[in-house]
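For reference, the structures are reproduced in the following blocks.
Shared chain: chain A. Partners: chain B in the first complex, chain C in the second.
== the complex of A and B ==
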């Protein structure tokens, strides 16, 4: 038994253990915290598997932002009715245990069978790698997202926009309170923000810039920026605004608009939709997507249609 | 036993835990956590099962999973907004499939549009 397999087994056990804490833990808040830890463990496993793009995305989105969104929603429930918000309400059922065991067995059977099957030599991934040189991109994942399966990405941005609009419809205008960290006036918190924020912006721009050739890209960069937005909201530097404004709306639709341009411009030149226009056009689309991802996720956390400057 | 087998078994266990959580949880946020666990299990399978190319995972499923992660956080955020609204309206965060929702107000001793909801509507309109 070599060292690699020992590490893999340890990682697998950690992941399953954290998932068990999320699914079976008694207290809801504790489950949310364990979900954040689960997301980080997932990111480590992506890194181990060599999927660096996914490691970056899951660390920022899966662990960070999903956790933050769950915590702020939990905080809102506690604000309405502390007792009911934390009510246990879990039914114990032998049928559920049996069904869960059966499903797990089924997934394991299908997964293990798929592992032993002979893989087709001409997979989609091989074709992507074979044709990647034509685009001049170094990162095949970015190539798939923006060149080979651009429509998926366009619709993904549309889903993000739709989810934001749906959340706005559901959130009442009178509830515009994000809880700020108590004691944010402390010099330590301000210094922390002053150190972290420029670094986060730098990392986001770096991820955006290298995304074409190395792991990184619009989603990872947008998620890092959204994390900074959450930090600014928590420290009261940014505050939710009651009314939307042109800037916020422009930022929200930027991703969909830029990708629509990538579809329409080749059409106007008599080429097929989403025909490759060069690396510059990709950087433009990725920058717009980064802004949309960052602003949508920050506003979803704030539960507000726009942001305004808060205490300095 | 190779690393892939380990991760497939882990994904199966996490999926099972997710199914169990989804079935037994009363609180909607617990159901959402369970659904997110199941999603992660599917993502893990999508990356582990396809053949690796030059020692790295196939880029096509990687891009699919990257899309999936963003879609997951979007839909989770929307579901959480729905949950907060439902909680405000019915006073608890459970779904009772066996009970007619119109009856819930009588069961819990408050009408479906309680005073809080009325207040929100009043201040919500321009």
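== the complex of A and C ==
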């Protein structure tokens, strides 16, 4: 057994251990912290598997943004129902144990079967790699997301929009203006924001730009931008606005609208929907998706339909 | 020779990160833990970055690693300050183990 396999097995065990801590944790806050650690471990594992796109997405969305959303949800729960937030969760249903055992068995069986099977020569992945040259893209993940399975991405953006609207319906009556941290007026924090923000915007644009040829793309770039939005909300530079406005709505639907254009424009030219229109159109769609992802996640964190400028 | 130097720095870096983790788990109160974590971990990260830069032997990668270290330094400085400030506001330090 060589060192690589030892590292891989250790990473796998760490992942399962963290997942158990998330599920069995006695305290909600503790579970959230372990969930963030779980997302980071998952990102490391994706990187080990050579799936850099997924590693980036998991580090930015799975660990970063989801963690921030859960933290702010917990903080609001403390405000709304302190007893439930601090409650010790000791009761575990017996059904849950059975379901977990069955699922673990199923995953193990499928995994072992997949390991022993020979790779099918005509699998979808092989066909994508063979036909990727026609698109001029260097990153097969972007090829699949926007050219070969563009409908999936369109529906994914629609799901994000629907989820956001759903959360607005759920939360619009509650007063959720408790995001700013104390100490944001300190020079130290202002310096941090002044250094981090330009770098974060630079990284987001870089991820968007190289997404066609290297790991990166709209979701990763949008998550990095949303991280900047969270930082601005925490430091009070941006504040939740009580009423939605045209800009916020436009940003929320930009991704769905741009992908719909990719479907409709070829149709109007008598070609099949989503026929490849060239790299420029993909960059346009990815930029719109980045804006939608960033604004949706930031607004979810703010618990508001729009944002307004706060203290400078 | 360079490999040996990189190995020594890598091991030293791992030692400091490990020491920082032990400090966070074992030290009595939040200020001591912050002290152990931010000081030891940043030194450990610097040593690991330096050893990786030596192994890579390229200016571009060296500068990127240096940038990573500076960002981690900045983030840990500010977060340690905020955590200590928050903790002091809630419960001033007594000098006694909590």
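Quick note on the criterion: the second predicted complex is superposed on the first by the 298 of 312 C-alpha atoms of A that agree within 3 Å, B and C clash if a C-alpha of one lies under 4 Å from a C-alpha of the other, contacts with A are read in each partner's own complex, and residues count from 1 in each chain.
Methods note: a residue touches a chain if its C-beta (ideal position, glycine included) is under 8 Å from a C-beta of that chain, and two chains touch if they have at least 3 such contacts.
Keep in mind it's a predicted model, so treat the numbers as computed, not measured.
Trainee: Have a look at where A:195 lands relative to chain B and chain C in the superposition and call it first, second, both or neither.
Mentor: Once the two structures are laid over each other on A, A:195 reaches chain C alone.
Trainee: Touching A:205 in the superposition: chain B (first), chain C (second), both, neither?
Mentor: So A:205 meets neither chain B nor chain C here.
Trainee: Now for A:170: first (chain B), second (chain C), both, or neither, which partner does it touch?
Mentor: Touch partner of A:170: chain B, not chain C.
Trainee: Which partner, chain B or chain C, touches the larger number of chain A residues?
Mentor: Larger number of chain A residues touched: B.
Trainee: Mind working out whether A:253 is in touch with chain B, chain C, both or neither, as first, second, both or neither?
Mentor: Once the two structures are laid over each other on A, A:253 reaches no partner at all.
Trainee: Between chain B (first) and chain C (second), which does A:115 come into contact with in this model arrangement: first, second, both, or neither?
Mentor: Touch status of A:115: first partner only.
Trainee: Going by the contact rule set out at the top, does A:37 touch chain B (first), chain C (second), both, or neither?
Mentor: The answer is neither, since A:37 touches no partner chain.
Trainee: Which partner does A:293 contact after superposing on A: first (chain B), second (chain C), both, neither?
Mentor: Only chain B; A:293 stays clear of chain C.
Trainee: In their shared complex, at which residues does chain C touch chain A?
Mentor: Residues 71, 74-75, 77-78, 81-82, 85-86, 89 of chain C touch chain A in their complex.
Trainee: Where on chain B is chain A touching in the complex?
Mentor: 1-21, 23-27, 29-30, 32-34, 36-37, 40-41, 43-45, 47-53, 55-67, 69-78, 80-85, 87-88, 91-94, 116, 119-120, 123-124
Trainee: Give the list of chain A residues in touch with chain B in this complex.
Mentor: Result: residues 4-5, 8-9, 11-13, 15-16, 19-20, 22-24, 28, 31-32, 35, 38-39, 42, 45-46, 48-51, 53-54, 57-58, 61-62, 65-66, 69-70, 73-74, 76-77, 80-81, 84-85, 87-93, 95-97, 99-101, 103-105, 107-108, 111-112, 114-115, 119, 123-126, 128-129, 140-141, 143-145, 148-149, 152-153, 156, 159-160, 162-164, 166-167, 170-175, 219, 293, 296-297, 300, 303 of chain A touch chain B.
Trainee: Enumerate the contact residues on chain A facing chain C in the complex.
Mentor: 181-183, 186, 188-189, 191-192, 195-196, 199
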